[in-house]
Every structure is written in C-alpha cells, then in structure tokens.
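Next come the structures, one after another.
Shared between the two complexes below is chain A, which pairs with chain B and chain C, respectively.
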Partner chain A sequence: MNKKKHLFAEDSFFLSRRKFMAVGAAFVAALAIPIGWFTSKLERRNEYIKARSQGLYKDDSLAKTRVSHANPAVEKYYKEFGGEPLGHMSHELLHTHFVDRTKLSS
Partner chain B sequence: MTTTTYQPGEIQGLIKINASKCKGCDACKQFCPTHAINGASGAVHSIDEDKCLSCGQCLINCPFSAIEETHSALETVIKKLADKNTTVVGIIAPAVRVAIGEEFGLGTGELVTGKLYGAMNQAGFKIFDCNFAADLTIMEEGSEFIHRLHANVKGEANAGPLPQFTSCCPGWVRYLETRYPALLPNLSTAKSPQQMAGTVAKTYGAKVYQMQPENIFTVSVMPCTSKKLEASRPEFNSAWQYHQEHGANSPSYQDIDAVLTTREMAQLLKLLDIDLANTAEYQGDSLFSEYTGAGTIFGTTGGVMEAALRTAHKVLTGTEMAKLEFEPVRGLKGVKSASVSLFDTELNQDVTVNVAVVHDMGNNIEPVLRDVMAGTSPYHFIEVMNCAGGCVNGGGQPIEGKGSSWLGNI
Partner chain C sequence: MRPILKHPLNVRIFHYILLLSFLPLAATGLLLFFKPLSQEGMQLTYDVHIIAGIVMALDAVAFTIMAFDRVVLFIARVFSFSGRDVKWFMVLGGYPQKFLLGKKVPIPPMNKYNSGQKLFGACVLIGGTVLILSGLVLWFIPHAAPRDIVWFLGQAHLVSGLVLTAFLPVHLFLAVYRFDDFKAMMIHGNVPYHDAAEYTPLWVKNEIAPVATNGEQLTSK
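Up next is the complex of A and B:
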C-alpha cells in the first residue's frame, strides 16, 4: 500500500510535467489555427452573406407581384377562409402569445 | 423544484459541443449572442442550455466542427415520404433557395427555387412555399402595426405599446422572453411564417388538398436551427385546436411536424439520389407556392421591414410606393434606421414613421433595448434578427469550409 502510494506520488510529478507540456502544445495549436482562420475569414467576411442576399433581391426583382397585399393566393385565403387580417379567424390561427421564461418550473 | 427557461415538451439543449473534438479555442464565444458558452481557453467548452437560444451561430462558425445538433427529423421524414397514406407538405423558407445549391456544387447565392421545387417534388413533397406565409405575416403584422400607430395617435386607452418589434425570428423571441419579459407587449403577436404555414396547411390547406388534417405531415425546410425549438412549443397546435372546436376528436398534433435545416434537406436529397443541380425546374403545385417579392426578401436583414413598408404605404396612403426598393434598410450596418413620411388618409394628416433594423443581435441589440426600456426610443417599428445578415446566414445553412460567413467582430 505504502509502496503504491510512493510510486503514485512520483508518477504524478513526472506525468503532470508531461501533461503540462502536452496541454501547452495543444493550447498553442488551438491558438495558432484560429489565428489563421480568423485572418482568412476577415479577408472574405460578409462575402457569403452578400451573395445570398443578392440572390433574394434578385428573386424579388424577378417576381410578377412584389407586394404582399397583391398576392392572389393571399387574397383567396382571406376570401375563402381567413376573413380579414386581425379578424376572428386570424386571432385564432395566425397570432400567438409569449411566455415569460425567467422562471418556469419544470 | 428545478426551474428552467423551457416549457414542458420543448426541445432543450438542441446545440451541443462534442467534447472529443473541442479544442477550447474560444471561437464560438465570439458568435454567441447570450454568452451561453462556458469553459476556459484551452479547456473543453460546454453550453448553458437555459441561456442558449439554439441559434446555431457557434455551430456554423466552429473551426473544428465540434458543435452539433442533437435532434434530427431526417429518418422520420424519410418514413413519412414512403407512407402512402400521408401527404408530406414541404414548407420552404426564403433563405434556403439561395444557399442549398452550394451543397450540390452551385455558386454561393445562386437562386435555385425551381430546381428545389423539382427536387422536392421528386422526393415526394407537396410544395408549400413559406414565402406565401411571409406574405400572410405582412398582412397580419402590418395591420397590427397600423392599428397600434392609429390607436397611439388617437390616444386610445388600450393602444398596444410602440415601438412594435417583429416576431419572425425565434432566437430573438426567446431572447426577449428570457431576458426582457417586460418588453413582451411590444412584440408583434403575429406568428412567424413557419408557424403560419403549418397552421394554414392543416386548416385551409386540408380543404384545398381535400384531406384529413391528421394525414398531413408538415416538414419545414429552414436556414435556422432555432426553428426546431420554435416548432416544439406546446402552444403551436392551432390547427388541432381549430379542428377540435369543429367537432374533430383526435390526439393532439403540432402545426409543424418536423423541421429540416438546409443542410439536412441537402442530405435527404443525396440519400434519395436526387442531384439538385441537374433537376428540371418545377413551378409548384398549389396556390401555396404563389409568393411575392416582398415575401422572398424576408430571408435577409431588413427584408421584413421593407416588405412591411410596401404594404403599410399602400394601406395608409392608398397608393403603391413609387420605388419599391427601400435602400436605407438594406446592407450590413449593425443598426439601420429610416424615417418615412406619408399622408395618412384615415387620420387625414401627415405622419412620420421611424423604423430601425437590427441584426447580429448579440453585438447590436442592447443599446436599442435600453432606449425602449427607458421610454426614449425614437422608433415606432423595429425589425430584429439574431444572425448577422439575417436568415441567409442562419445556423442551419451550408457550412463553407471551416465555419460560415460572418461579420468580423474580434
């Protein structure tokens, strides 16, 4: 029992030193990779956002109808089923309530 | 008794860090709007579920692909597509059509609406464009805004508070619910387009499709991970409640049965051997694939505001906007604002409406909210989206190389 304890103490000393170096190396690696990553991202930042947004603006400019109130399907929905915006049916189907989530009990 | 920020039945902890892959590099912390990521530099990180909005920004920006979603409906959707007694309705969000092509070798931002309709039709989906529901959202949310504006000008007792916030972004809604419950009355009560689409598909849609609502399985395709959490909110079973009130007797079902992210839809198509890039264009197969330009720009920051102004202008003045492109709310500035002066035919006077658009929420929303709390906000209508750039850069979008697009804030 005593012997084991002694070995353990000695091991832990050497291991922790090795471990320290390993952790240090991993830390440096982890730091090094994101620095390169951040730099390359900085150069190309916003590129994807802009390209995708342009795609949507293009979809808008190509559309036959460009305003929501003139969508024939929306008109049909209100006429045949939904009534009118903010009406009884809308209140029931298209609106919701929110939840104070600061203290919900499970 | 344990307390949580979730309602019973909601998906908790949708976003998880894989401890075996995490290098503790802290990149994710730059993108978390609520500082929900714990762990020292160099040590494995973890996510505080109660603070997490499930927005997935950490996931798409992790350089080591160490962050994952815990819930996927992919297998369920495949089973439902194979089931002859079920009609699977695919609800396609605006931002998906300009990103899913990337997973099939097409260029970033390439508009693939027709191809996506074709590929999903081939997979067995009925096409329901969420843009249709976005148009519906404008009708409801825009009318609500005009109602509040008029009631405030007239000084009515029960006028809803201004500014009115948009309520389309589930990350933003959860942010207010967990941190600023006092401002919940300012949030528009209109459901998000995803939830409107689900409800309409199972009520009016059931009539149009001539089907029993129980046999309709709604799958939304979203650029957003937080939409999974939204769909699991227990109150979002309006179609079931509607049918119960009209004599039906069935176990409860949600308005949206399953949510797939853009990445998961690409995965599904690949599993079914459908190459979106080489699919013939398809027009859609019901009135629910009719949408407008206003509906489609919902997917980018400023789009909801622009769409709302187009309709508000028509309703208030009786005439269409001369130029539909409303430049002040476009672009990537953190907080964009504009003043619109118009002649209000109902009030018979000129009114000036001040609007603001906020995105990249974690970096930009706090000063705006402080003004609203203090009662000094100059704005009447504020659009908020959690992700930088809006839904086009959502947590469910394709990941380009290591990490997706972002606004540089380091």
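Up next is the complex of A and C:
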C-alpha cells in the first residue's frame, strides 16, 4: 500500500520529550479519573447493599415469627376455614389467575 | 508533484476501521433512539449496535496502545489554541463566503489541522471516550451500577452520539471537497506539496522535512 513514494514527511518528532510526557500523562489521567470515579461509586453502592442485607438478616433474627406458615393468622385460617394447604378451597381462594393479553395489543 | 506523507499507514488503517464501525453505529443508534421497527427488528438493530461498538472500542484501544505517540501528537494539536483560531472562526475558514457568495476572504495560516478540524477532533476524542465508557456500563452492568449514574451515562451516550452523528455529514462533505486530502486518507497517505502549502502553510513551514527515498531526486523545499 505504502511504497514510500513521498518526498517529504513530518519531521521525525517535533514534540519535546517534556511536552510528550505532559500531554500523555494528562490523557491517561483523564481516562483514569472517570474509571476510578465510577469504580468507587460502584464499591460504595455494594457497601450499601451489604449493609442493607445485614440489616434485613438482623431484623429477621429478632422477629418473633420468622416464617409465613408459623403466622398465627395463617394457622387460624387453615384451622377454621381453609382446611389444608394446597387444598381445594385454598386453591380457589388464594390462587392468582392470569390472562395472556400480550397478543391482544398488536 | 512533490508528495508529503500526511497520513501514515497505521492512521489510515485506524481511520478505516473507525469508518466501518461508526457508520453502522450511527445508523443503528438513531434506530434505537426512534424505535421504528418491530420487536425482532429492534433486537437485530441492538445486536448490530453492540458488535459495531465492540469493534470501535477495540480499534480505539489498540490504536492508543500501538501508536501512543500519534495519539499524543493528535491531542497536542487538537487542544492547541491561539489567536489564529479566533480569527479562523470569525470567518469560519472562509467556507460560507466561498460556497454562498463565491468570494475568497483572507484566512489566518493554519497548522496540520485548521480550527474547525481541531474542534471536530476534540469532539471525537472526548465524545468517543464518553461513548465507549458509557456504552460499556450500559451494556455490561446496567443492573449493578447505581440507577442515577446509569441514567446519566445513558444521557451522556445519547448526547455524544447525536453530536458526533451530526458532525458526520459535515465531515464527509468537506472531506470530498478537499479531494487531495481525501485521497491521502483513503488511499496512499500523500498530499501534494502545493495543496499542503495552500491549506496548511504553518505545518509545511515548521514540521515538514525532506525524506530520502530510494535513488529519487530530492527537490528542495
């Protein structure tokens, strides 16, 4: 492609070493700053998520009733009305029904 | 003709890959913004956008690593500013007068890039970096990054993409208008001495040196 047919070219390197290093360092810093900023944001967000999940586990360990099937209200429902879990009555009353409406929209 | 090497081979290869990746990126970016296609069409558009984006990002990173001196030179040129640039922008390089009124106005002497090209270069450098970095976050970790930052990066991606896409027709028009430079970038890298001396006199005066070629007679500068 390039058979050196030119008679003139840019002088080998007209930027001084000092200027080359200054511009190069500024460029690398300009690239590194947003990356560092974003990484620290991401880390701080992860810290928040970790603290939040720790708080949730702590709340859970302090709670008297820790599982839904130990809830007295649920126990009372099955005992006096619903019969057994997954029974016919509970299925009718508690099961959520969906209708696929995605095909109607277009 | 006395040719000057203006665009070395690595720059031309970089520019070709940039061209082949940016054109589909601009087209699919606009499609993703206006969403005119069906679900499948938009999915295909998104896939093309991602693949072209990867090609452009790799091209930029590879060129920065392999030709760091040229990147530094480009930055030094693009961000140099003087009174000549103010004077250039006051007459907009004489282009409106030339195209609309058919008259020639005096223009301050320019270096390798004129002030308009420098502005475009700065937009490409900053906007391209923003596009690549924000695109990476939006593609890879939109669920893991903080919500407000993802929104901000999405806006930055959109604005940078629209600005660079808006520059595209101007760049293409002026590239073909300066046909000697167009051939240099697209084919052999050389511009004729008289063309360079007319449009970029400071570059020719300060930075151009004779090169010894195999047995060919050197014509003095």
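The rule we apply is simple: the second predicted complex is superposed on the first by the 55 of 106 C-alpha atoms of A that agree within 3 Å, B and C clash if a C-alpha of one lies under 4 Å from a C-alpha of the other, contacts with A are read in each partner's own complex, and residues count from 1 in each chain.
FYI, a contact is a pair of C-beta atoms (placed from the backbone, for glycine too) under 8 Å apart; a residue touches a chain by one contact, two chains touch by 3 or more.
Not measured: the values here are computed from a predicted model.
Novice: So, does A:20 touch the first partner chain B, the second partner chain C, both, or neither?
Specialist: second
Novice: Who touches more of chain A, chain B or chain C?
Specialist: Between chain B and chain C, B touches the greater number of residues in chain A.
Novice: Quick check on the superposed pair: does A:85 touch chain B, chain C, both, or neither? Answer first, second, both or neither.
Specialist: After superposition on chain A, A:85 lies in contact with chain B alone.
Novice: Shared contact residues on chain A, chain B side and chain C side combined as an intersection?
Specialist: Shared contact residues on chain A (touching chain B in one complex, chain C in the other): 23, 26-27, 30-31, 34, 38, 41-42, 45.
Novice: For the complex, give me every residue of chain A touching chain C.
Specialist: It comes out as residues 1-2, 4-15, 19-20, 23-24, 26-27, 30-31, 34-35, 38, 41-42, 45.
Novice: For a test of understanding, state which residues of chain C touch chain A in their complex under the given definition.
Specialist: 2-5, 8-9, 12, 68-69, 71-73, 75-76, 129, 133, 137, 141, 144-146, 149, 188-190, 193, 206-211, 213-214, 216, 218-219, 221
Novice: Please output the residues of chain A touching chain B within their complex, sorted ascending.
Specialist: Going by the criterion above, the answer is residues 23, 26-27, 29-31, 33-34, 37-38, 41-42, 45-63, 65-74, 76-78, 80-82, 85-86, 90, 92-106.
Novice: Over in the complex, which chain B residues touch chain A? Could you list them?
Specialist: 1-8, 23-27, 41-42, 63-64, 94-95, 97-99, 107-111, 113, 132, 134-136, 138-140, 142-144, 147, 167, 173-174, 176-179, 181, 184, 187, 189-191, 195-196, 199-200, 203-204, 207, 235-236, 238-239, 241-242, 287-288, 290-297, 299-301, 303, 307, 310-311, 314-315, 320, 324, 330, 332, 388-390, 392-393, 397, 400, 402-408, 410
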